[in-house]
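Both of the next two complexes hold chain A, though its partner changes from chain B to chain C.
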Partner chain A sequence: MLELDHVTVRFGGLTAVQDVSLRMGSDQVVGLVGPNGAGKTTLFNVISGLVRPASGSRVLFDGRDITRLPLHRRARLGLGRSFQIPQPMHELTVRENLIVAQRFGAGRVDPQKIDRILELMELGEQAERDAANGLALQELKRLEVAKALATEPKLLLLDEVLAGLETLAKRAFMAKLRELHETLGLGILIIEHDIETISSLCHRVAVLDFGQLIADGTPGEVFSNPDVIRSYTGAESAETQHA
Partner chain B sequence: MRRSAYLFLAVCYVVVPLAFGGNNYLMGLVVSSLIVAGVAVAWALLGNLGGMVSFGHAAFFGVGAYASALLSMKLGVPVLLAIPLAGLIAVLFSVAMLPALRLSGPYFALAILAYAQIFRILATEMEFLTHGSGGISQIPVLPTIAGFDLSSRTGQFLLLLTLLAAFLATYDLIRRSHYGIALRAMHDSEDATRVVGVNSVLLKSWMLFVSAFMTGVIGAVNAHVINFLEPDYAFSGGWSVLPIVAAIFGGYRTVTGPAIGAVVIYLVDQLVFKALVSTGHQIILGSVLALMILFAPDGLLPLLRNALRRMRGGSHA
Partner chain C sequence: MFELILQALYSGLLVGGVYALIALGLALTFGTMRVINLAHGELVLLAAYMAYVVESRLQLNPVFAVPLAVLVACTCSALVYLLVDRIRKNRELNSLMLTFAIGIIITNAVLLIFSGDVRSTGSPFMQDAVQLGPLFSMKSELGAFVVSLVLVLALWQWLSRSWYGRAVRAVSSNRDAAKLMGINPAKTELISFIVAGALAACAGVALYSSSVVHPPLGHALTVKAFIITVLAGVGSVPGVLAAALLLGVTEAMTVTLWSSALQELVGMTLFLVVLLVLPNGLFGSAKRRG
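Moving on to the complex of A and B:
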C-alpha cells in the first residue's frame, strides 16, 4: 500500500508537485495522467527516492514512512520502477541487467526466473546483447519493465512504457500487465496519455495538472470531469506537437 | 583472469629464483618491482571496480609500513602477524576517506591526494611514535619459516609473488561475482543501479577497503624488506604515481595488466633507462608513458594480445 501525504517538490523557484495526497492499494492498477510537465515523473522520482520532496511531505509504503529511505532500500521493500527515458545499466548485457536487479533487489539468484522474465518481455533474443548499444527504443522500454520485475516488486511504477506502441502491440503489452497484476497480485501505478488505454487497464485514475491533483476516481468519472477535459485536450495537443 | 596467467605465475615461482637467485642485485630489483606491482593491482582494483581514481595510495602504503614496523618493534607482534594487521590498520584509516566517496572523479582524486599529504605530515610530527623525520631503523627482517629464510632475496620474492597471486585472484573473483557486475553497472548508470536495489555507497566502500588492505600489506612487507622508514619515503608521492604509471602502461582495465606493467616498467627503468641517463632517467619513463597514452591507451597487455591475434590470423573472437 502506497500513501503520498501532502507531497510537494520544488526545483528552485519552480513547484513541480504541489501538495499531492494519494493512496493506492498494492492490489490496484492506477493510472496517473496529465499534460507534459505536470509533475508525473517527478512524483515517481519522489516515490522511488531519486528526488527529495519539500519538508512536510511524507511517503509511506506498507505503513512504513519511507520519505528519507535511500533508493536501494525502497527497491528491496518492493518498489519497482521504469524510467520514461530508458536507463539501462550500461556496460552490462540485457541478462546481466536482470541478474543485478534480481540479486540486489529481490535478494536471490534464480536464472530460470530471469529466463521467464526475458521471455515475457520478449527480450530472449537480445539477452546477451549490450544493453547500451544493441537495443531499439521499444526493446529498451521493455528492459525497463523487465529490470523492475526482476526485483520482485509489490508495486510497479511504469512511466510511459506504452507510449509510441502501435495499437496491436499496445494491446498485447496491456494484456501482459493485466496478467502480472492478476497472477502476482502486483500493484501498478502507470503514467500514460492515451485515455482508451487508461480506461481499459485501470481501476482508478489520478490527474495531475501543473503539479496539482485535480481529479481522482474511476476512469468514467474522471474523464467526464470538465476540468480534466480542459487540461487533457491541452495534453493531447502538446503530445502531438512533441511527436 | 586467464589460466595462462596462473600458469605464468607458477613458472615464475620456479624459474626466477633459479635464473636470478644468485644475483642479489637483480633479485633486489625484482622484489622492488613486485612491491610496485602489488600497489598497482590494489590501485587498479579501486579504479576499475570502484570507479575511483586515486592519487593517494601512498597514504595506505605508508600507514601499512609504519603500522607493521611499530607493531613488531614496540609490541613484539610476530612479523607475519603484524603484516596483515597493518593491512587492517590501513583499512581503518581509509574509513576517514569515506566522505570523499561522495565526490565525483577529479574531486575524489584531489581529496585522497590531500589525505596522503596529511599522513606524511602526521608521521613527521608524531615523533614519540615515529621518531619523526629521523625515521625508524632496524625494523625486524622477515622470519624464517620451517627452515626457509623469508628474509633472503629469494624468500622475499616468493612471499611477494604469493601475495600478488592472492591479490590477482581476489580481484578476479570480485570482478566476476555479482558484486563485480553491479560495480561495473554503476560506472555509467549509478541511479539506474541503485534503483534496482544496489547499495552503491557500500559497494564502493568495500572496494576502498580491499584496496587499502592490499596496499597496507605491501607497505608492511616493504618495511620488513628494507628495514628502515622515514616519512618522506613511506608516504612518498612515488608510491601513488608509480602504480598509476604501471597500471596505465600494462592496461588498467585488465586484471593482470597493472602487475605486468609494474614489473616491466620498473625493471626497464632501473636496468636500461638508468644506464642510459643516470640522472633524470624518469624523463624517458614519462615519454614512454605519454606515447603509450597516445598510441595504445588500453595499455601494453591488450596491445600484445591484439598483435598475437593478428599474427595467428585469428578473427576478433
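Moving on to the complex of A and C:
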C-alpha cells in the first residue's frame, strides 16, 4: 500500500532523512522508532506531503506515485495523519472538525458515521464544544485521530499519539487502535518512543537513526539487534559486550 | 442637546453598518490567507464609481449598478489573489507592498478617468428624508444600513452552515490541518477573495448612494476596515459588526460634539487604546489561535 523508494530529505546542508526505503501493506501496524532527531516526523511529513523530498526520492501509495501530489489530494486518496502536537481546526466545534474532514477528505457526508467516530473516540460529550476551548490533552489527541478517521483513510499515520498519556489511558488507546486495524482493515504507521507499546501493538518495527533506516523487522528481531540497542538506548547489548 | 446626541448615535450606527461590510471582506481574506489586502478600500472605491457611471451615463438609480459593481470588484479581488498567490518568499510582508501598490494604481486610474471631483448620488428618491420619531436620515442611508445588516447575517450563515464557509473557517484556523482533511486551500482562498469583492461591491454602491466619494477615499476605507478588524479580534463576524458600529458611532459623536477635523483621529485613538488594554481585540480570545 505504501512504498518509500530511496527517500532523502535535505534542509540546506543538513540531511534529515537519507536514502530510506520502506514498504508496508494495509494489513500491518508498523512502528517507526528512533532517537530524537532521527528523522521520524520528517519522514511522516514527506509521506503526508508537508515536506518535499530530494530528487530521486519516490513515495508510492496504492501503486501510484504521490511524490509531487499536494496534501489535500493525498488526504482524498486515503492518507490520514495525526500530529504530535494536536492541530485542531479551532474555529470549528469538535463535530464540525469531523464533518469537514469527512466532506472534503472522503467526499461524502454521513452523520451516523460521525456519531460512531465520536463514540469510538469518546468525544460524544465534547461534540458541540469549540475545539479551541476546554479540551484536555487526551481529548485533543483523540480528536486528532478522529479527524483522520473521518477522512476514511486506508493508512493512518500517527505521530506520538500516545505520548503524555497515563498508563491506563495509553492501554485503552492502544486497544482502540487495534480495534480500528482489525475492524476497518486500516494500515497504521505509528511513531512511538515506548518500546513496550511498540512491541505489543506493531507487527513490524522500522528504526531510524541520523536519518538512516538501520533496522526493519518484527519487534523481537529489531529490539535484539545490537545496532538498534546501541543507537536507540545508547547501551551495548549483552552479545556485543561479550564479543 | 440630548436630541443632537441621539441623532449622532443614529447616524453613526447607519454608517457603521457599511463599515462592517467593508471590514468583513478584509477580515475574511486576512483569515484565510494571512494577507492584509491594502487594496481592499480601493475595491470599494471602484464599486462606488461603477454606481456613479450607471447613474450618470445610463440615468438609472445607483442600486442598479450592483451587478456591474460585483462583477468589477470580484474580478479585481480575484486578480489581487492571483498576484498575491504568486509570492513565494516573505508573503506576509511582500503582499503588503504589492497590495499597497495595487491600491495606488486603482486610485490613480479612478483619478485619471473620473477626475478628482467629489461625487454623490443625484437621485431625489435616494436623498429623500426618512423620519423615525425624532431621528432623521436619508432613505439611502437607512437602506444601506438594512442591506448591510442582511449581508452581514448572510455571510455569518454562509460561514457557519455552508461547506465552503466551513472550509474557509478551517483554513483560517489551521491551514496544514485543513489540507490534511482534504481541503484545497487555494480554492478556499480564491472563494474568500471573491466573497470579499462582492461585499466591497455592495459597500461601494451603498457609500455612493448615501454619502460622497472621491479618489482618495479608498485608502481611508482600508484604514477603517483594518481598525475595525483589529478592534473586533480576528475570527468573529458579530465582533466585526459590533466594532464597526462602535467606530461609526464614535466618529459621529466626535463630529457632532467636537469637530469634523477629529473624525479620523478618534478612530486611530480608539484603535490604540483597545490594542493597549485588550491586545486580542474586543471580541477575540487569546485561546483561539492556540
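Please note the rule applied: the second predicted complex is superposed on the first by the 233 of 243 C-alpha atoms of A that agree within 3 Å, B and C clash if a C-alpha of one lies under 4 Å from a C-alpha of the other, contacts with A are read in each partner's own complex, and residues count from 1 in each chain.
The working rule: contacts are C-beta pairs under 8 Å (C-beta built on N, C-alpha and C of every residue); 3 or more make two chains touch, one makes a residue touch a chain.
Keep in mind the model is a prediction, meaning the values are calculated, not measured.
Once both complexes are superposed on chain A, the partners chain B and chain C clash. When the two structures are aligned on the shared chain, A:203 is found in touch with neither chain B nor chain C. Look at A:58: by the touch rule set out above, it reaches neither chain B nor chain C. Judged by the touch definition given at the top, the superposed model places A:151 against both chain B and chain C. In the superposition on chain A, A:113 contacts neither chain B nor chain C.
Using the contact criterion defined above for the overlaid structures, shared-chain residue A:176 touches neither chain B nor chain C, since it reaches no partner. In the superposed model, A:133 lies in contact with chain C only, and not with chain B.
The residues of chain A shared by its contacts with chain B and with chain C are 48-50, 70-72, 75-76, 80-81, 83, 87-92, 96-97, 99-101, 103-107, 132, 147-148, 150-151. Those residues of chain A whose C-beta lies close enough to touch chain C in the complex are 48-50, 70-72, 75-76, 80-81, 83, 87-92, 96-97, 99-101, 103-107, 132-133, 147-148, 150-151. Residues of chain B touching chain A in their complex: 178, 181-182, 184-185, 187-189, 191-200. The touching residues of chain C, counted against chain A in their complex, run 163, 166-167, 169-170, 172-174, 176-185, 235, 285, 287-290.
Within the complex formed with chain B, the residues of chain A that make contact are 48-50, 70-72, 75-76, 80-81, 83, 87-92, 96-97, 99-101, 103-107, 109, 132, 147-148, 150-151.
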